[in-house]
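For reference, the structure I am asking about is given below.
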Amino acid sequence: MPDERPPEKDLGPLRATVNVAKGLWVTLRHLWRRPITIQYPEQRREPFPRFKGRHVLDRHEDGLEKCIGCELCAGACPADAILVIGAENTPEARYSPGERYAKVYEINYLRCIFCGLCVEACPTEALVMSHAYDLASDSRDSLIFTKDMLIADAPLQRRPSKEDLAAGEDVGDFRILKEGLARARAELGKPQRPAPPGAGGRPPAPEEGRPAGTASLGQSASAEGSPKRTEVLEGAPPARGTQAPGDVPPPDPSAPRPTDENISPR
Amino acid sequence: MIQIAVFAVIAAVAVIAGVFLVLTRNAVHSALFLVGVQLCLAVLFLLQGAFLVSVLQIMVYAGAIMVLFVFVVMLLGVDKKEALIEPLRWQRPIAAGLGLLLAAEAIYLALSQHIHVGSGGLQAGPHEGNVQAVARVLFTNWALPFEATSVLLVVAVVGVMVVARRKMV
Amino acid sequence: MRVPGAAYLIVSAILFTTGAVGVLVRRNVLVMFMCIELMLNAVNLSFVTLGRMMHALDGQVAVFFVLVVAAAEVVVGLAIIVAIFRRRASADADQINLLKW
Amino acid sequence: MSMTFLADLVVILAKILIVFLVLSVLVIFIVWFERKVVAHMQSRLGPNRWGPFGLLTSVADGMKLMFKEPITPITADHVTFALAPGISMLAAFLAFASIPFGTSVLIFGHRATFEIADLNVGLLWVLAMGSLAVYGVVLAGWSSGSKYPLLGGIRSSAQMISYEIALSLSLIPVVMSAGSLSLRTIVHAQSGVIGSIGWLGPVGGVGKFIPHWYIFYHLPAFLIFLLAGVAETNRPPFDLAEADTELVGGYHTEYSGIKFAMFFLAEYLHVVTISALAVLLFLGGWNGVTPNLPVLGWIWPLLWFVAKVFFFVFLFVWLRATLPRLRYDKLMAVGWRVLIPAALTWLVVSGLAMAGSV
């Protein structure tokens, strides 16, 4: 049977040798270059300013939650990753300005595709995306983030302030500044304290005297030089050791989990 | 002393491996036993001072010829069972009987050799190793047969090229 | 103390016989072929031993020729076996009757 | 048994033990070295977790392999499956029995040479053990009872048989020049300098500074040897037998634990063997380009030898980091159509040159 393939062009031995030598030269040159990799758990790459990491629920300057429980984000989500169950604000327990607040707010990061449509949909700019990118876990449950994991302890700063720009610090669009809360307090005076929270609630405003910026995103772990993953997922239960013990009530067992049944089908 | 011990062990291994070569059903195992026999023979050559032949035995027999065998066995996948039908009924018993006869004869011959066993194994000149000594004999007394083998090899190569072409069979 | 030459010759005799019986007994062409190799090897041992007993190196030289012949024989033989196998899909000696009309 | 016999026995056993241990440690080091160099050539850092510069990484890997469960596939041919790694490793270690790596040293009034045995067929011994190494690969591939290992085994047997021819042919000119198969004698034949080169005329005096190494006489043979040597060790770009991307690791796909470690050890031992052979046959062995420093005695030649061997180990790693794997038919074409004719040609040319200069 005749060979049907077209005859292959053969490099002459000289050309082949030259080509091999070129390749060898390239690799040899790289031997002396600085490696471009970074040592991940110890060093972290700062994402680009508009990098879409995991979500954060913002607060108003006075400490009230921006989320009004409208469920538009859940509706916009193409991956059905968001569960919101709203409830009425009462004068005794006021969480957000307006009538309603999100009683349950959960994002399933096994489903989330980080498209940012939820952020687009949010009418109050409550939902933003942070720079936190290491979202690995060895259990499925721990990748369903509940409201107390998502909500920021202090208002986020949306634009780099003039001070930050003057200091030459490269800051992204959404970035918690360590001084953010302190500055907010200085300008507004003592923040309004909500009434003692009911079941399932969480004190929206941070305690006084608590170190500000404990919820800084993405950069906290590297700043503290800690390679532990649990602390990288700030807001995750193990990382909440920084909070005062009496600060957080036990999680409400009656709050529905975003299982496949109770995530509303589209 | 040590020589006798080594000889006894190696000879025993060689004979046992030879027997298993015939007995085992798997062709690859047969080839392995044959390699074992050949390595043992290489040691026996060493014991008799034939260094060059010993190493060549390993190189050519164990290293090349047997690899070719294993290669073909693997390529064809003929490590299957043999047919159990006996076309010739008494073939195997008769073969065994004839084999015993042959062995007896050969051993008798071996024992009845009256060649004087000398103390030295080599016929090497002064300051000359086994390689040089063998080479001298090979390229003087045996030069013509040596050249003839090259013809044999060329013929074999050409023959294989002809046989292995797909159109042939 | 050296091992007597007769001992080597006996080993050689046993190996040769084993090979001969193997050729008669086995059906697989490849194994028969290996048995022939075994016989050649046994003869090699005889050559070296007899050469030593006669204080001559010619025995070792003879091994060379056996090696060369064995190599040529194996190559040709295996090529034939492969060729037959392509046609018959069998390595059984009883099936090989291409020359029988 | 006389005292000298006992002393000889002790020395031999000690040498075997030392060589065995040194080689084992050396392999661990070379594995680390390879990972580190390849990493830097790819702008990475390589192992850096265990020990300074990650030096203990290979040790940790070895320990992991040692404690891992060895798994035998149910379709495997059990005895052969267990035997194959042993054959591989044994052949690799045995090849070192006749490789000299230095001059000699006087210990307790007993002169010990730096080698296990100076055979007058030393070179052939190394080649013979190299050809036995094929069995480890082939049997591993066949006995696994699995497709990919079988393909790896078949490829490897064809490759190793083919390249062995070129390898051996390329060494014959050197043997002809040195007039011996003993590696120690071949190294001795390469001491000194070339001397004035007549046909270069006035600039021929340069030869007084060029060491009398066979690489300057047999450069084509050296290149052929190098290529065939890389192929013989199944290293990239000739790692057709392992070919992770096509054969999932080739002949050792089904191996795990300590058996896999033995294959690993054998491969790197072969790298060292081929490197040592290249140094001994073409680069003057332990003859340095500088005069021997008498203060250092036997250490100086040993250092030269180790340095040269490491150059070749680096070359192996370098090739691996640079070149893509050859296609199988290309590999065979290179072996049979380029290397073997070239080796034969050089054999004839150097033979004629030697005949002319006699």
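Observations on the structure shown:
By written order: A, B, C and D. Residues from 1 in each chain.
Convention: a residue touches a chain if its C-beta (ideal position, glycine included) is under 8 Å from a C-beta of that chain, and two chains touch if they have at least 3 such contacts.
Since the structure is predicted, the reported quantities are computational estimates derived from the model, not experimental observations.
Contact count check for B-C and B-D (C-beta pairs in contact): higher for B-C.
Once the centre of each chain is set as its mean CA position, chain C and chain D turn out to be 33 Å apart. Separation between the centroids of chain B and chain C, computed from CA atoms only, is 6 Å.
For this pair, chain B with chain D, the centres built from the Cα atoms lie 29 Å apart.
Look at where the CA atoms of chain A average out and do the same for chain D: the two points lie 54 Å apart.
Contact with two or more other chains is made by residues 52, 56, 64, 68, 75 of chain B.
Taken as a graph of touching chains, this assembly is arranged as a line, each chain contacting the next along an open chain of partners.
The full set of touching chain pairs reads A-D, B-C, B-D.
Residues 77, 80, 119-121, 124-125, 127-132, 134-135, 138-139, 141-143, 150, 153-154, 157-158, 160-161, 164, 180-182 of chain D are the ones that touch chain B when the two sit in their complex.
Within the complex formed with chain A, the chain D residues making contact are 37, 39-45, 48, 318-319, 321-323, 338.
Considering their complex, residues 1, 3-4, 7, 11, 14-15, 18-19, 21-22, 27, 30-31, 34, 37-38, 41, 44-45, 47-50, 52-53, 56-57, 60-61, 64-66, 68-69, 72-73, 75-76, 78, 82-83, 87, 91-92, 95-96, 98-100, 102-103, 106-107, 109-111, 113, 115-123, 133-134, 137-138, 141-142, 145-146, 149, 152-153, 155-157, 159-160, 163-164, 166, 168-169 of chain B touch chain C.
By the touch criterion given at the top, residues 13, 20, 23-24, 26-28, 30-37, 39 of chain A touch chain D in their complex. Interface of chain B with chain D (complex): residues 26, 28-29, 32, 35, 51-52, 54-56, 58-59, 62-64, 67-68, 70-71, 74-75, 129-131.
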